[in-house]
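Here it is, the structure, as structure tokens.
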Amino acid sequence: MSSVISEIRKDYLYNLMLRGQRADGRAFDQPREISIKTGVIRKAEGSALVTLGDTQVMVGVKMQPGEPFPDSLDRGVIVTNAELVPLASPMFEPGPPNEFGIELARVVDRGVRESGAVDLAGLCITPGEKVWIVFIDIHILDDCGNIMDASSLGAIAALLTTTVPAKKFGLGEDYPLPIKDIPIAMTAVEFGGVVMFDADVDEEAMADTKLTVISRADGTICGVQKSGTGVLSQEQIYRIVDIACENAKGIREKFLEV
Amino acid sequence: MQGNNGNITFIRDGVRLDGRRVDELRPIKIEVGVLSRADGSCYMEMGDNKVVAAVYGPREVHPRHLQEVSRAIVRYRYNMASFSVEERRRPGPDRRSYELSKVSREALEPVILTSYFPRSVIDIFVEVLQADAGTRTAGINAASVALADAGIPMKGLITSCAAGKVDGQVVLDPMKEEDNFGQADLPIAITPWGDITLIQMDGDLSRDEFRQAVELARIGCGKIYEIQRKALLDRYCQMESAAQEA
Amino acid sequence: MSSVISEIRKDYLYNLMLRGQRADGRAFDQPREISIKTGVIRKAEGSALVTLGDTQVMVGVKMQPGEPFPDSLDRGVIVTNAELVPLASPMFEPGPPNEFGIELARVVDRGVRESGAVDLAGLCITPGEKVWIVFIDIHILDDCGNIMDASSLGAIAALLTTTVPAKKFGLGEDYPLPIKDIPIAMTAVEFGGVVMFDADVDEEAMADTKLTVISRADGTICGVQKSGTGVLSQEQIYRIVDIACENAKGIREKFLEV
Amino acid sequence: MQGNNGNITFIRDGVRLDGRRVDELRPIKIEVGVLSRADGSCYMEMGDNKVVAAVYGPREVHPRHLQEVSRAIVRYRYNMASFSVEERRRPGPDRRSYELSKVSREALEPVILTSYFPRSVIDIFVEVLQADAGTRTAGINAASVALADAGIPMKGLITSCAAGKVDGQVVLDPMKEEDNFGQADLPIAITPWGDITLIQMDGDLSRDEFRQAVELARIGCGKIYEIQRKALLDRYCQMESAAQEA
Amino acid sequence: MSSVISEIRKDYLYNLMLRGQRADGRAFDQPREISIKTGVIRKAEGSALVTLGDTQVMVGVKMQPGEPFPDSLDRGVIVTNAELVPLASPMFEPGPPNEFGIELARVVDRGVRESGAVDLAGLCITPGEKVWIVFIDIHILDDCGNIMDASSLGAIAALLTTTVPAKKFGLGEDYPLPIKDIPIAMTAVEFGGVVMFDADVDEEAMADTKLTVISRADGTICGVQKSGTGVLSQEQIYRIVDIACENAKGIREKFLEV
Amino acid sequence: MQGNNGNITFIRDGVRLDGRRVDELRPIKIEVGVLSRADGSCYMEMGDNKVVAAVYGPREVHPRHLQEVSRAIVRYRYNMASFSVEERRRPGPDRRSYELSKVSREALEPVILTSYFPRSVIDIFVEVLQADAGTRTAGINAASVALADAGIPMKGLITSCAAGKVDGQVVLDPMKEEDNFGQADLPIAITPWGDITLIQMDGDLSRDEFRQAVELARIGCGKIYEIQRKALLDRYCQMESAAQEA
């Protein structure tokens, strides 16, 4: 899914990198500018528009009553879907999600699920029969690199502002979706031995390998995913994990904690 | 058109539920060039509708057998986000979006100078982020601006607007309630010189009402056209001054 | 979906047209010969084989009990589908309906629905639970132009002869489907400033633009659809609407009124 | 084959439910050249079965990679209209129609001179408008006539007919009730010189009954062949006289 | 679905054949070596790995309660599916079953169904409401010719060792699936007037025509299917039927009878 | 990871439910060259997991537009048989299998010398016949051996193994119960020289536990690598002696 990048641009970026620099002047572990607008879609129970540099991702959360899973009869259900619509990148094609869209949705989903971000036990309506289904829909608008972190950020930001629409379904008063943790995904790419966080679209095109690390508020890890056809050393992985957990703290404090 | 409005009165003393007069548009907001990856783009709000349009191209056609030797083909994909409507919709196209994509493409194609770009494709993508009656017209308006932003040579901007009928009266730019419980819906799209590139209608109109509705929708288009032009002009000035600063 | 037509044939038709003529001698506002045979499919609750010149369309109506829509709990449901099977034209391909088939079905459907042709309130079995579903299936057999009008005509002709199969489902005696109006679609094409009704396959291939107008028995309009990549002037549209409503009357009287 | 016939007696005094003898076909009607767009076509009724067949080709193959350098490929699409059966069926192919399309194609391909048309395709489309047991055989018979009508060079006409078993007796051309509650169904297709191009069977037959059923189905084919030939001859004469008038 | 075979190999096989021989020394009516291992998949209710020469087919049987068909309310349901996965042959492609896979599954299914092999009346749980669904899943592992007979053999071998998992669904004690007959499919190919049973992959590639005959334990026939674009004479068919019924007896006795 | 283990104790006196120590693998069985049609193949059991892997290629790419001018593309299809799990699964890929196919391909691709075979494809197919936690690692191990069996030039064998966490303790190669009710799952794949080509993790691990889990999984990989090598060696010897006999 990486974009095509000209050889000249590649050489330029590579030479910069050797001198410890990035094209936009950031440090290797520094993310681009982040902005999060929530409540942007009135028709959704929760929503967030995240910009990460030029990357833009809209996440909408919709809720409706439905059946629980047979193996967790008294817990709500989370369904996460990502649409890599062709509006967002010349690399995206219309049609059902391909392996990139599926991986994106599944990693975001695992971050939310494994961190216990949503109190699923608080989403039971009638045990064994009816629970709340939480649909997290990720709509990529402009893929200028690292849609993984932007999507993950959008998902938790939207969840944090979600109202359970109980009234609409005759199930009492509306109430805020119970949130128990704030998972943050941080993705690094590796190229020529150098590790860079929050790659832009050119850096992504250059690198073979990504590592996404999702951490909880308490600094523990709830998700890791390597993708791409390159390799990582054990040390690189440990280092990425460490930086990811540290950086996540800053973002959580700045943008998401109440 | 359910025609069954319960006991709602939609127009009282010439004023509609949201305070508009019968010939008044909902508030409109247009931003040009909102996306980096696309060759041209536009964000548009028409009342509670929120749409983004992107244009890619002219570019190579895939799959190849679709390519035309003497002109560019135009593709248009109208898509609603799952969260854009009251009840979550399943992702992916349905029959309605296939039809809207077709008529929207046919609304824009007459002004695009496709013969300049043989064997290529101009792709227009419209994402509806929030829907409130009138997404097809908002999409066409946004797409038209995005085409201009992409520098696609056109004979002129296409502008689209609907008229409806509620309480037996023809009204401009119906919103959700008027669309759901009204008696007719008639969207059009026109060229700057008045040719009609899209017209659809359903509901119940006499021939006279039909003509009234067309006239009213044209007036609406005229107003929207000015907003489209202004948005493009602002964008152009902004880029000019950015260039001069550099 | 327009057929390929040779340049020579096109020139010939164009020159004819300039002299106010059509290849088969018809006036510009004159439809081809129409024949309607109903009751041709014994296994369907209603059926009609329509020929419009050489164009042949079979429409079958099937009915079965089912669930109402949530927003109209005491009304029957209409489902319209069109199969542009590859038997009918070298331009049609196997597979699920493409945008042409979908548009055709949706325009026919809107004509039936918006005209209130079928008394849906009379198709409620148990309010909120069970209503009659009316399936209108359009099967194009030979596309020699203007399948829109032929399909629309077939749909209403089939509905007019439909028997509600109440007995088969243990719901009392069979009775005729209650019909309240007879919508008629008339389609014109535009080419070089000339407007022609009921285009044959060559005329369709030549023209860029079509306008379909559906009118009720009382002369009011219940549906309009422009299709094709050309433009129409306001005056052309008004003229087509006027002729369509007038011509529809004649067809309604001749073929469909009891 | 449910084999569970309740208490129905299918044959009484050598006469079947619809008045036929055990070796009698249902009434057959064939019309040739019923469609304008197709290169060849045929409408056929066999009892209550109503099918239309169309042939297009030889024509270009799409997608290209299916093309064969030394011969035409043959495609056959058996399709049932939604309204053709008691309970409405969902449009589009199901597993049954894929299998029937395959065996029907294989029933016809042996007589088609495909080597005359390298790199091309001969498309055969069969639409079942009404079904009443025997649609595959009716479809093959109609397709065979449509191929001739399209002028596709063939070694001979293919003819198809089924035999069945009810009340322990082998019968020709089973109708719906006999098919639903009978003990076996055996459709065949043959060339004019007796080679078998299709044979399928399910149910319960001893080896003797199997041979009886094959023999009976062949007799049925012989009768149908004459009707096919006559229909083609009539069509030819009709076209001749039309040509002479002109 | 036939494999490509070189002209030289084809000539070689053809010349052998004219001398009454096959490449592996078998007689024309002689099947390759057969081995059947049952109970190989512990997670399935029944399973069998069949090897027929180098051909390998795995069949798994799964059972679960479900709804009966409307026209047989007190009988179990059989669902047969075949996956011609691309692991098994360079000719197979990923994706839903094509016409070859569908035909294979349907012929195996008819053999099981028409022979009355499974006592469906014994699989009713609550008449009209709940019956056992028997899923027969055929997984081709190595297609070295005649997957039809291998699949059919695998299906009946798996069924013969299937346990109805009543306990798992709270429906009493487990019990063996009631089997009433043992249908055996025998397939012959025809080439140049010669009929050969149990063709290997080269023989299949050479031949145009196959005939599958399925017979019951009592020697009667319950299924026949010709496939391929060639023809068969009446006499060839009768001969294949006779040999198939005889050979089936031997296989039934050797491998499947208790 | 449900993290909700009811009241099960998974480790008692350092011994797990199935008698293993925390750093012990389940029994492993590898057979090389089990399929005739494939260019390379491998059957593998890891505990109750049973998988078969086949490799085809390098061969021509279809569809053509996927082909790369300077290297072979690699495709990997992870597929579960319908009968491989407790509750029958519908045939065909689901979202999980798409993701596993992607990460498995990316686990193997780093060691495949794809530049040797421009414009071609190396297809890897893995069928899970029985599943019991760890099918992705078993599939990668089997695929790696199948690649070697197919003679595909590689820099080294890839080996894959998971670590988990149960009862607060990091364990090697979790089985079904430990996976369902455990607190974390961390599969990795490594090259013989220790580079990591796959790493995924979900559940709940401190940074220390994370490192422990990676170390433990590496130890597991080391043991599996020896079994893979031995299986390939045995196969080679067997073929040698077969060649000498001939």
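List of remarks:
The first chain written gets the first letter, and so on, giving A, B, C, D, E and F; residue counts start at 1 in each chain.
Following the convention adopted for this analysis, contacts are C-beta pairs under 8 Å (C-beta built on N, C-alpha and C of every residue); 3 or more make two chains touch, one makes a residue touch a chain.
Since the structure is predicted, the reported quantities are computational estimates derived from the model, not experimental observations.
Using the average of C-alpha coordinates as each chain's centre, E ends up farthest from chain B.
Of all the chains, the one whose CA centre sits at the greatest distance from that of chain F is C. Chain B and chain E, compared by their mean Cα positions, are separated by 58 Å. Measuring from the averaged C-alpha position of chain A to that of chain C gives a distance of 49 Å.
Our note on geometry: chain B versus chain F, Cα centroid distance of 51 Å, whole angstroms.
Inter-chain spacing, taken between the CA centroids of chain B and chain C, is 27 Å. Chain D contributes residues 34-38, 48, 50, 52-54, 56, 59, 77, 79, 81-88, 91-92, 123, 125-127, 129-131 to its touches with chain C in the complex. The part of chain D that touches chain E in the complex is made up of residues 1-2, 95-96, 98-99, 101-103, 105-106, 109-110, 186, 191, 194-207, 210-211, 214, 218. Considering their complex, residues 41-44, 47, 54, 56, 58, 60-62, 64, 81, 83, 85-90, 94, 96, 135, 137, 139, 141-144, 201 of chain E touch chain F.
On the side of chain E, the complex with chain D involves touching residues 71-72, 97-100, 102-103, 105-106, 110, 113-114, 211, 216, 219-234, 237-238, 241-242, 245.
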